[in-house]
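What follows is subunit A paired twice: with subunit B in the first complex and subunit C in the second.
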Partner chain A sequence: MTVRNTKWPGVELSAADLHEGKVTSTRFRPDAKYAWSAGEAMSRFLEELQAGRLIGRTCGKCERILFPPRMFCEECFRPTDEWTYVRDTGTIETFSVSYLDKDAKRITEPILVGVVSLDGASPKMGMMHYFGEMTKDDIHIGMRVKAVWKAPEDRRGSVLDIEYFRPVREGES
Partner chain B sequence: MTFLDRTTDARRLRHWEGDIEADYIYTSGIAGERFFVALRDEGRLLAARCESCDLSYLPPRMFCERCFSELSTYVDVPEEGRVSAVTIARVDRSGEYLATPEAWAFVTFKGIHGGLVHRLLVEPERARAGMVVRVKAKPRGERVGGITDIEGFEPASS
Partner chain C sequence: MAVRPVGDGRGRGPGGGTVRKVGVIGAGMTLFRRRLQETPKELCYEAARMALDSAGLDLADVNMVVSGSAPDAFDGVHMKGEYFLDGCGGYRKPYTRVYTGGGTGVFSTIAGWWHVASGLADVVLVVNEEKMSSCQPHPQSVFANIWDPILDRPLKPNLVWIFAMEMNRYMTVHKVRKEDIALVAVKNKRNAVEHPCAQLADPNITVDDVLRSEVMAWPVQRLDISPPSDGAAAVVLASEDFIRRRKIRDRAWISGVGWAIDSTMWTDRDLYFPEYVARAAKMAYKMAKIDAPRRQIDFAEPYDPFDYKELHHLEGLLLADKGEAPILTREGVTQRDGKLPVCPSGGLLGVGNPIAATLGMKIGELFWQLTGQAGGRQIPHEVHTGVSQAWGDLMQYGCVVVMKA
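Showing the complex of A and B:
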């Protein structure tokens, strides 16, 4: 748009012109449906979450255990080989103390979130989740944690089938 | 699973279904407006005329495709046209099988560049290229200014 042009060729129409039928038009609603799939690896991962288990994939070449599972090894550029369960205990790799909730609303009691590397998977392989049963002063990198699962009937095949990770208690591995 | 395997049915796996809301209103445009208003109000078919190229366009357009001049003259399309191609439709536009097959035709008119695709209102086994046909329009009160204001083409002799 330039300053010199004040009038444009064509016919200006308002929404009312269309809705009142002042001009002829064609209306159509395409029957456009989709099914979005989580994919082979993530689907199995979600099924297993509903069953209260965490699963990964092994790569026989680099001998890593990939978690969350994927069907291709990004290091070796080859398909991964086998399914293997990993434990629901792990170590905090990184965390945030958030004074914003998931709708970006300010809150006074902070939410603790971060990444847990899980026991049984290769180093640094893990998942992001909430932390609970600890304060912002307790939480630290290297802290040992364990998943707190929802009751089986409340699980939906979602990453939220785990409520949060809590500190490992005395006597727990 | 190898690199060459493909997941062809997302519903076999964990999936989420939805609708893409892609509703649209498509206006007829300046020449299209003339065409549909004449069809709706008078039951006439109009073509846009380029005098210098001696060409009449159906459906009408705003510009001559040959000399690029703006067209503002409209002429009546002859009442009788000729079927230049037929096809038999067995499914509707959403892919559902029709109860009875329908004949569809591309109809051209003498002295007119272009033509119209519409239903051919004869038994499918009688549908032939070369038939002489005329427009069967809906009654005036049912016409809304769209291509469906035409019911189809019927044999001119009937």
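Showing the complex of A and C:
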């Protein structure tokens, strides 16, 4: 039909058409707010973050140490068994050097962000977080990193209780 | 070794039960643009009307309607499917809106297929719409709400991070050069020159242009990304009986369908390979009697919202070994006149990315290619079997449709 069709519907607008009122339009700003109960696994996880620790759950059937923790194993489809701490050191699995903020606005100081697989959890299990005390040229996949925690009085029970992950220093395991 | 012929979809479905043979008999789409004046409802109507006209049918011939659209938050209207249903021709009919994130571009056809394959309907109209321009200042601001509210959102993630992290992992594991990935953007934006609806076609774009474009979230640069768009697309599906009875000549058969989704625990899996696409492909290939995809599939329309995604998905579709897709691209295999043309439509990178409406380049392009109606985009050699695929959600969803002439 692309060979038979000669007219393709649609009237293109420019940004100005819309924002300077050159076309008839209407506006609305939603005011939605949410409060999520964190649930069983995440409540404990957040409490432990506030205490400066990272915690996972074990599944006795597949013998994995699951991080982030969950109350059921999605693989075995049965309840998980025990709480277990994982370490606050790990390995960068992947990362990005972002010049975009959350609204796609441009920023000049890039955000270093990526996934850290944590020591003590099953392989490849980890979390997304920021990286610091390194430049965009230093950061690489496979880099060993350690969490930098906020001061205890500044922690709120959030992933932000960790400020970022920094390179593991010589002598640190 | 002889390759067995690809099935036409008749026979045993994935569950072992009998399914009817289903054909695509019409397709339509609007222009894809950053901003269109038409409302979602008007866009749906235009695409649906065009698809019906191309099949030579009227709304009275349609038994059931399926629509597809991505997050309600883009339009700012909940129950978006109900909101634009009049434009889809869905009122007073069995009507369903489906949504599998970016996967909706292919998934709505799978939903339409099961309506006909099961015998519930003879003719189904499938209409997909997306209007991303309504969301201010940028659709990114609502896209960000797909992230986990406890684990991810406090970090104020940008959607592009997903792609950047996956692309980096893929590049690092396979030691892929950015130049080879940029070739995908160049190919697709050039292919799109022949597409009458294209938003970002560029006959002169080079690898250097891509590599010199603004860094958004390294390794993702501006020209690695498909643009947000407004648009709609539609296809008409019909049973073999109906196609015979009405003597419809332009049809392409749906040989196989498959879909699969991985866990939202995305920080627990290696992002270098899309396992969910491979599972979806294996399901579709089994139904289509495909056991040697590289020899039995003539061309592909994988989901290409980002250039590396085409490569990632070709590997998931088992049309390239892990890490081989960039090499095939460099060798010209995936050009329109290559041995395995990939995104001859121009894809999302060239035609545009109104999420669900990419139906027009995925299912629509397979139909137009397999019925010889693709005009300037027509693959110069004879093609009998094509595969299309879409991807979505939190790096976790894949769906696949195989079609044959």
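In this section, the second predicted complex is superposed on the first by the 136 of 173 C-alpha atoms of A that agree within 3 Å, B and C clash if a C-alpha of one lies under 4 Å from a C-alpha of the other, contacts with A are read in each partner's own complex, and residues count from 1 in each chain.
In the analysis below, contacts are C-beta pairs under 8 Å (C-beta built on N, C-alpha and C of every residue); 3 or more make two chains touch, one makes a residue touch a chain.
Remember, it's a predicted structure, so these values are computed and weren't measured experimentally.
Participant: Applying the document's definition of touching, compare subunit B and subunit C: which contacts more of subunit A?
Facilitator: Comparing subunit B with subunit C, the partner touching more subunit A residues is C.
Participant: Pick one for A:L13: touches subunit B only (first), subunit C only (second), both, or neither.
Facilitator: Touch partners of A:L13: subunit B and subunit C.
Participant: Between subunit B (first) and subunit C (second), which does A:G56 come into contact with in this model arrangement: first, second, both, or neither?
Facilitator: Neither subunit B nor subunit C is touched by A:G56.
Participant: Which holds for A:M42: it touches subunit B only (first), subunit C only (second), both, or neither?
Facilitator: The answer is both, since A:M42 touches subunit B and subunit C.
Participant: Going by the contact rule set out at the top, does A:Y130 touch subunit B (first), subunit C (second), both, or neither?
Facilitator: second
Participant: Between subunit B (first) and subunit C (second), which, if any, makes contact with A:G114: first, second, both or neither?
Facilitator: second
Participant: In the superposed arrangement, which partner chain does A:P69 touch: subunit B (first), subunit C (second), both, or neither?
Facilitator: neither
Participant: Given the touch rule stated above, what does A:G90 touch, subunit B (first), subunit C (second), both, or neither?
Facilitator: neither
Participant: Under the stated touch criterion, which partner chain does A:T26 make contact with: subunit B (first), subunit C (second), both, or neither?
Facilitator: A:T26 sits against subunit B, while subunit C stays out of touch.
Participant: Could you pull out which residues of subunit A sit against subunit B in one structure and against subunit C in the other?
Facilitator: The overlap between the subunit B and subunit C interfaces on subunit A comprises residues 11, 13, 18, 23, 28, 30, 34, 36, 38, 42, 46.
Participant: Taking the touch rule as given, give the residues of subunit C at its contact with subunit A in the complex, in rising order.
Facilitator: Residue list for subunit C touching subunit A: 26-38, 43, 46-47, 50, 54, 76, 133, 137-138, 140-141, 144, 149-152, 154-158, 160-161, 164-166, 168-169, 172, 195-197, 214-220, 230-231, 250, 263, 265, 267-271, 368, 373-375, 377.
Participant: Please output the residues of subunit B touching subunit A within their complex, sorted ascending.
Facilitator: 1-3, 7, 10-20, 22-28, 30, 32-33, 36-37, 40, 94, 144-146
Participant: Under the definition above, what is the set of subunit A residues touching subunit C in their complex?
Facilitator: 1-5, 8-15, 17-18, 23, 28, 30, 34, 36, 38, 42, 45-46, 66-68, 70, 74, 93-104, 110, 113-115, 124-130, 136, 141, 158-160
Participant: In the complex formed with subunit B, which residues of subunit A make contact?
Facilitator: Within the complex, subunit A contacts subunit B at residues 11, 13, 18, 21, 23-40, 42-43, 46-47, 71-72, 79, 157.
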